[in-house]
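Below is one structure, written out as structure tokens; comments come after it.
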């Protein structure tokens, strides 16, 4: 399997007159788990949206798996999967149907849908319309959606959000499985300790800029505390 | 996305001055020197502004179409500034044409609007361009705004001939009332003068309006500010 | 991929079929209101029935077209599909075809209402069906494109009709003319030329909007 890296060089992205990301530079080696940490509004989601090619960078360059994220978007999209705040689901369809739509668009068969629903613990609710689902259940379904894409690079935006403790274990299991399969994983999370435990390296963002990067274990010192945080 | 450079030369003001001069000469000639038309009388004199406006309106629409296509191919924001100018000038001229048409129709036919194919097409395009200008107001992201208005302009421009033909067929089943388009061949001077006058004015307007759009884009597309924290860190 | 996209569209439409009923009622109510504008003049009502049918259909289309993107925008589902990756043109055509189907069904459903309210019957039912099919196609192609644009904006309710209405004037004229001829009598066989105009409009717009759609949805 090809080794897939992420190379970001002086990347910037604006929303209106506000720069959500500015002068972001980092490199992720293959088969690595990187934790992306920062306060609310630091730019983590924006970063993931740029990496997944959902939005274009306004400055700088982004190369994923050797492909340019602006000029070779299709190639990047084939190997990247994003678990987003927006869960990309159709409210009017059932859990099974939502996954079947994705499988159809991928040109893949529908056989993997039910096994994936079992993996994420939604097999019993497969034929229920997702407008009846709780936030945690939608998260689980989004995970199934990501796994269905068989990605080389996985971008998880708040994977632990809205989940219960069994859900936390599921996320850890999924991350471990993906890592074993050689995938590169970026995880944005507020769960500093858990995230640092699961990750190899960490990147800390503040106000759209990279303020620190290094081994995940050392990232804990940057966790903001109620009293103001150590910096 | 390229940031447009804004030129500051005096060319637009020269254009505006030339335009005003030509219009003054042409209008004086058309109003006072040229004789009244045999059948229609003095009302026909509106031709001396109506026809030049119509010609230049077509030019403005073509210019907008060219700017839209150029932007989609080259992704250079300077074409978006030109598109913005072309859209506004095109809208203005379309509105003027409709007013002139109404002013001519009332004394001639007793109605304000006579469904003449050309004028009706102009009215349709007036609304189309107004829609695109409204669209521009509601989109904050400059790049998305440029792409969407280019797409909408292309669609509206392609529609123009189709609208014309369909209204013409629609109208042809009823008695056609002629519109002001015949000008006695003896009096092309005021017509041509005014045509150039409006043309120069239009070029001047487009140049100035593009500059305004470019200034705004410069502000919207400005580079990220230097990090204040870094500077503070140096001082600490 | 087009097949996958169409399957999704039809599934979504089936699931939200309750809304179709509401739009039909809206269209029928519009036809009723238009008749009040004319008054109880049987001849006038019959003469303008074709126009009113298409006006009702046009107004209803602003509801169905913007609604067709609601499901895509709620959870950004369309972005999710584009990131798989999916060909934006296939997604466009699938949506446009689904909207076309919906508008055709709506048009066909409104015909009996028109027949009853305006005494506007005709024996040329197949021709009428053809007019509705072609006219609905003319509304659907640019309508789907503009619905995609305006779905992301705050002023979507006003912008969609504002952008769409001037554009579809030729399709509206041709559809109204052809329908009126079919209802009132077509001694010189003119309906055919209007249908050809309508067909040409459809061809041009279905190709052009498909080409441009990719630029419209990219960020």
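Quick notes
Order of writing sets the chain letters: A, B and C. Residues in each chain are counted from 1.
Following the convention adopted for this analysis, a contact is a pair of C-beta atoms (placed from the backbone, for glycine too) under 8 Å apart; a residue touches a chain by one contact, two chains touch by 3 or more.
Not measured: the values here are computed from a predicted model.
Look at the CA centroids: the one farthest from the centroid of chain B belongs to A.
Looking at which of A-C and A-B shares more C-beta pairs in contact, the answer is the pair A-C.
With centres taken as mean C-alpha coordinates, the chain found closest to the middle of all protein C-alpha atoms is C.
Averaged Cα coordinates give chain B a centre that lies 31 Å from the centre of chain C. Centre-to-centre separation between chain A and chain C, using Cα means, comes to 39 Å.
Inter-chain spacing, taken between the CA centroids of chain A and chain B, is 48 Å. Annotation for chain C: residues 218-219 touch two or more other chains.
For chain A in complex with chain B, the touching residues are 12, 14-17, 19, 22-23, 58-59, 209.
The part of chain A that touches chain C in the complex is made up of residues 52-56, 73-74, 77-78, 80, 82, 84, 86-93, 97, 101-102, 104-107, 129, 145, 149. Residues of chain C that touch chain A in their complex: 1, 3-5, 7-8, 11-12, 15-16, 71, 74-77, 79-86, 218-219. Taken together, the chain B residues at the contact with chain C in this complex read 72, 124-125, 127-128, 130-132, 134-135, 138-139, 144, 147-148, 151-152, 154-156, 158-159, 162-163, 165-167, 169-170. Of all residues in chain B, those touching chain A in their complex are 1, 140-141, 219-220, 222-225, 227.
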